[in-house]
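In the two assemblies presented below, chain A is common to both, partnered first by chain B and then by chain C.
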Partner chain A sequence: MRLRTFFWFVGPSVALMLIFIAAPLVSVFVQSFYVTSPVLETVERETCAPGFLGEVCTTQTVTRPLLDADGRVVTETEFVGLQAYRSVLELDRTRAALADWDLQALLQIDFWKALRFTLVFTFVTLPIMLAVGLGLALAVNTVTERVKGPAIFLTLLPFIITPVIGALSIRWLFIGDGILTALIEWWLQRDVALFAQAWTIEILMMFYRIWHVAPFAFVVFYAALQTVNRDTLESALIDGANRWQRLRYVIIPHLAPLIVFLSLIHLMDSYRVFEEIVGFSAESHVISLQWITYDYLTPDDAGNRSISRASASAMLTMIGIVILLIWPLRRTWADYSRRET
Partner chain B sequence: MKIARYLATAAAVAVLATGARAECTFENDVPVSISAAGFAAWNAVTAAMQECGNVTVELSQDFQEKQATGMAARPSLYTMGGVANSSMVPLLNAGLIRPLDDLVARYGQHLSPQQLIRVDGQIMAIAMMVNAQHLMYRSDIFADLGLEVPTDYDQLIAAAQVIRDAGVVDYPFGAPWSTTWLIFADIYLGYGGSFFADGFQPAVNNETGLATLARMAELTEYMDPEYLVSDSTYVQQQLQNGRVAMANLWASRAGAMNDAAESKVVGLVEFASAPASGPGTLPAATLWWDGVVIARNVTDAEAEAAFRVAMEGLDTEMANANPEAAIWIIPGFEPGPIAAGAAATAQNGALPYPASTHMGLMQQAIADNIGAFLTSGMAAEATLAQIEADYLESAREAGILQ
Partner chain C sequence: MSLSPALRPTTSIKVSAYLTLAIWCVFAAFPIFWISAMSLKAPIDAFSSNPFAVILGFETRRLGVGLSVIDLLWIGLALWGGWHVATRRLPRLVAGLAEVTGPVAAWALAVTGFAVAALLVAVVILPVLVLHADAWMGPLATPVMGVTGAHYRSVWVEFEFYRNFLNSLMITAGVVTVSLTVGTLAGFGLARCRARVAFWILIAALVFRALPHSVLVAGYLPAFINSSEILAPILGEAAPTLYGMPLPVIFVLVAINQPFTIWLLRSYFANIPPELDEAARVDGCTYFQAFRLVIVPVMWPGVITAGLFSFLLGYNDYLVTSLLLDAQNQTMVPGIASFFNRETTSTDQVRAVAAAVSITAPLFLLVMVFQKQIVSGLTAGAVKG
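After this line comes the complex of A and B, so read on.
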């Protein structure tokens, strides 16, 4: 392909990526080194409000942003270097916890607590997702043609459901005396509270994620199963390979690049675990890295938000994803290089 | 569940509204809009506003974010906002709402002085309802077990012990602890604590803070173990389904107890003052209000139309047609028995919630740390120290402290 033609083909998508991915990323990167805050003045404010029995007037010392002649809030932006990162990582507290070898104290620091959960979540769901996806693909591949359509449709269903809605459904099935909790209680003949401690919520969240993403693995594996070399399978059969040996020595090697591909996607997605935390309202028990960014960004009752720390936390999350992806990316790279030669 | 009920309420209100179509005293020809929270009281008020025509209503749980950005636009995206005492603060600070004195003089002579929210002498909002946490208890269970209505948390815990021993409900006590900061603030203020010293320096790491945390830990013994994910609606349903015997819950939830469509305890729940934090202290509750504000960045004609529409939304007919939706402070409305507990709470000296920018940061710091104290065994002193450290960090970022 001529260079010019190539350029016209990829040009639009490169431009869109620059505008919608690279530019915001640079902006977030820059913002993580600056703090923008309103210029405040301190005033005495008297507020009179209803109090059931009559008016209650209170005087409070409050801060109020200065407004310019046009009625807009005056802000000032200050370069703070790595201050936001230090604040997100809570370095002093971290150092103290590490010096005492106190794992519990370390895991009470938001960032490390979130990192712990995010990593456990990512690495527990990854193999199960692959196994369930492959199992489903093999199962559907062996059913008769007539039921294949409905079987594929049913398997794909969880993947189609909007993540937040899916998480809420699972929450309602289990919270309090939800239908499934009631069932478990009846079965075990004891009181069960699945939302009372962190580990049960974590298990529910992982269960939900596997339920949600396994269909994607299924689709990919199922498509690949259609291209397994029939001759190789038949010769394996003639050589006396049993079902397991055929799977292990013929099918899995054929699927290997896809396993790396799926792991890549899954690592990226689940390191950003977020919907589960919101859907299960788990934030008092368990938090994830992405949720920390969201927490900084959400204005509190008085309208404060921490853009600077949110940016720093977003950058840290991205760095984490890059580190996780090094291995599968190198593997894919090696695969392609081998094929080239 | 929640959504289904909102829809049901909205439908019920819509039916009432069509029945009272001719109620609006004028034909509104200036397009106005309102953004407010999505609960029963706002459903009722905005439905009454819509009778006047040309009113766009946007009710959602994210109203605060929408108002802050929407009203900062020029012209403002919303002519009116429905706010509570805390959510008015950011709008007030950013100069996004206008004083209403002249409009009150022209169209609001009938309003009671209670409804006029004055900030530094200027009327900035028109209140429509008040709210506070109060004690809701099952009178039948209390009578069976010969219990007195508790007036402080010591008595409440003693009663909870008796109720638990009798085994008549799943859990003796319920409260919406998904907002732990509010539970902490209520008990802390009840003990007479103050959150700040020397202006904006944090001051929760003290005896009162420790007593508050101890009280919270003590209460969890008698609550559903899933208390950290229990919001107001969840606790309300627990009470309606007879799963808890007492709750310290919003007065605005009282009406639902006697709603035969969803409650199994109609007529059995009574209301009393919120319990005091400890013997002889103030009630562990704060006073809140909800009301209407008008955007600054709209034309005077729009503001005038919005105010007249608001007066229609907040009129006596609306309040009397929806007596269970809220404790209205609208003239001509007589609060029924559901307001008794909230009134007693106020009588016992509960304070208005001290909403402000720095209190918002304190709230966040409390919310972020109480979970660790309650679930992963973080020591009380360490929790309070961490709340102060987190507050200092965000106060510096917000420019409140240097």
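After this line comes the complex of A and C, so read on.
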């Protein structure tokens, strides 16, 4: 295909990605160095109240936003350098915590707390998701045709459910004296409150995430199991490989590229863990990197959004995902280049 | 396909496979089944710690309608019928329709028809049967399970959830249409181009796929809020404020979904032999004509899968829509936050549950109809990418 024709084909798609993904990135980068705030003016105001023997007057200085001719708040934008980053990272507290080797104190700071949770969440769910997906694919591959249809249908349900709703449905099973909490209480013979401390909420979130993503791994593995070379399997059998060895040396190598593919997708998706926190209303116990940015972007009680700090935390979040993805991306690149040449 | 006897699973493996699958299916379906049961009960039953109270609704039965054994049979029949129609009849119907209208229109018609029929059965026919069939059924008609539709009524009518539903519908339809139009062209171009630049576009798309959406929204928000000033030099007085409007959100969601769509469709088109469109080009077609006349007729399975993923992204999104849309254009998923954040009374909580089930119901119908496409589309597409 000639390059000109190629650009006509990909043009609209590339244009959309440039306008709505690349351009915002640049603007977030720039915004993170600037602060826009209302211009304040200080005025002296005299308030008088009627009193005994004449008025009592007090004069006080009031700070209020400056309004322009149309009655809108005048804002000014100034370059503040790395100040937004400093305030997101809370550098003073971080430095103090590091000086004392105090991990507890470090993890009290929003950003590091969120980073710790996001990374633990990502790397704990990854292997479990792959194992559950593979196990399900092998199981569905073994059962008869009549059972496969309904089994696949039920398996797909957690995958397509809206993440916020999925998290909510798990929450309703456990919250207060929810049905599963009641079950655990009956089993342990003691009171449990699963939404009262961070670690139980984290476990529930991981539990939810595995429930939500294992079906995708299942579908991908199941599809690939249909293309395992039967001759190789039979020759392995003739060479005396038992079932476990056939799985280990024939089937898993066949699935290897998909394991990389699924890990890559999972890294991207669980690094942006967010919906669980909304669904569980967990923000006072557990927060994630993406939630911090969301929180800065949500208007506060006065209706202001801290765009500058949001941009700084967005840039920091982005640096994190880039570091995580360097290795898998290089691998994809190597695979692709090898195939093309 | 027959396996050599030695490769056939042994009985113990079979038993453990069935067991694993049975446990997983309970695990997968239970939360959804449970919230559906909760949404139909009076608050005192819905949040009871006694499971039988949640299923059978003792208090609810005292207050409102009770379902008898025969009513439960009716409901079971309706569910079985829905399953049968979705998995057996509908594909055949679509195959017939597709010859007249083309596959996408055929699927759209079939799915809409199926959804309307399901809604009619659930909201009109079943309640009528339940209310009136008991009279001549005698002993079988003693109510055993209490249900109430009050929470659904108050969510949809009193709290005007249908507005959120219509907004969701509009956003999702827009996302699917634009995403597929743009994505199929790009996917085809990328599959047929051997230049270095195609590779770079794909790698860039992969990096874009990884970006957390809040990073992007942090970029849009100031621009969207001030867009009338920014665009004023170009558009003059007509420059719109993009914040709160559905159309820009559609484009934002399309762009966010483009990386996945073009990777999926590129792999799909790469599996269509290039000889097909090359033959057309030898006969004097341009690339666009070759695409339209030769590729379009065979691309539907891949496109339907890509469409499903676009649908899920648009329908399920919380972060983008909650930040970029104003209250009046809000979609269902952020809309539900107003229910579960209120949660002052237990009635509010059951309303939130009913709203959650209402959001899930269309997805449930969708999997019923499209499960084969999801599995086969991923087989042909993403997995080889």
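Rule of thumb we're sticking to: the second predicted complex is superposed on the first by the 312 of 341 C-alpha atoms of A that agree within 3 Å, B and C clash if a C-alpha of one lies under 4 Å from a C-alpha of the other, contacts with A are read in each partner's own complex, and residues count from 1 in each chain.
One rule holds in what follows: a residue touches a chain if its C-beta (ideal position, glycine included) is under 8 Å from a C-beta of that chain, and two chains touch if they have at least 3 such contacts.
Bear in mind that the values here come from a model prediction, so they are computed numbers and not experimental data.
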(request) Considering only touches as defined above, state whether A:Met318 meets chain B (first), chain C (second), both or neither. (result) second
(request) Using the superposition on chain A described above, determine whether A:Arg116 touches chain B (first), chain C (second), both, or neither. (result) neither
(message) Comparing chain B against chain C, which has contacts with more of the residues in chain A?
(response) C
(request) Give one of first, second, both or neither to describe whether A:His254 is in contact with chain B, with chain C, with both, or with none. (result) neither
(request) In the overlay, answer first, second, both or neither for which of chain B and chain C A:Leu157 touches. (result) second
(message) Under the stated touch criterion, which partner chain does A:Gly176 make contact with: chain B (first), chain C (second), both, or neither?
(response) both
(message) Per the contact definition in the header, classify A:Ile19: touching chain B only (first), chain C only (second), both, or neither.
(response) second
(message) After the superposition on A, what does A:Ala193 contact: first (chain B), second (chain C), both or neither?
(response) first
(request) Mind sorting out which residues of chain A both chain B and chain C touch, each in its own complex? (result) 172, 176-177, 281
(message) Taking the touch rule as given, give the residues of chain B at its contact with chain A in the complex, in rising order.
(response) 1, 64-65, 68, 85-87, 89-90, 93-95, 113-121, 127, 130, 132, 178, 180, 199-200, 224-229, 231, 234, 238, 243, 287, 289, 296-297, 327, 329, 339, 342-343, 345-347, 351-352, 354-361, 363-364, 368, 370-372, 374-378, 393-394, 397-400
(message) So in the complex, the part of chain C that touches chain A is made up of which residues?
(response) 3-4, 6-7, 9, 13-14, 16-18, 20-21, 24-25, 27-29, 31-32, 34-35, 38, 47, 49-51, 54, 87, 181-183, 185-186, 188-190, 192-195, 197-199, 201-223, 251-252, 254-256, 258-259, 262, 286-288, 291, 312, 315-316, 318-319, 323, 333, 336-337, 340-341, 352-353, 356, 359-360, 363-364, 366-368, 371, 374-376, 378-379, 382-383, 385
(request) Report the residues of chain A in contact with chain C in the complex, numbered from low to high. (result) 1, 3, 5-6, 8-10, 12-14, 16-17, 19-28, 31, 36, 135-136, 138-140, 142-143, 147, 149-158, 160-166, 168-170, 172-173, 176-179, 181-182, 211, 215, 219-220, 222-224, 226, 230, 233-234, 237, 243, 258, 261, 267-268, 271-272, 274-275, 278, 281, 289-290, 293-294, 296-298, 305, 307, 310-311, 314-315, 317-318, 321-322, 325, 329, 332-333, 336-337, 340
(request) Would you mind writing out the residues of chain A in touch with chain B in their complex? (result) 35, 37-40, 42, 45-58, 60-65, 67, 71, 73, 76, 87, 104, 107-108, 110, 172, 175-177, 193-198, 280-285, 295, 299-304, 306, 308-309
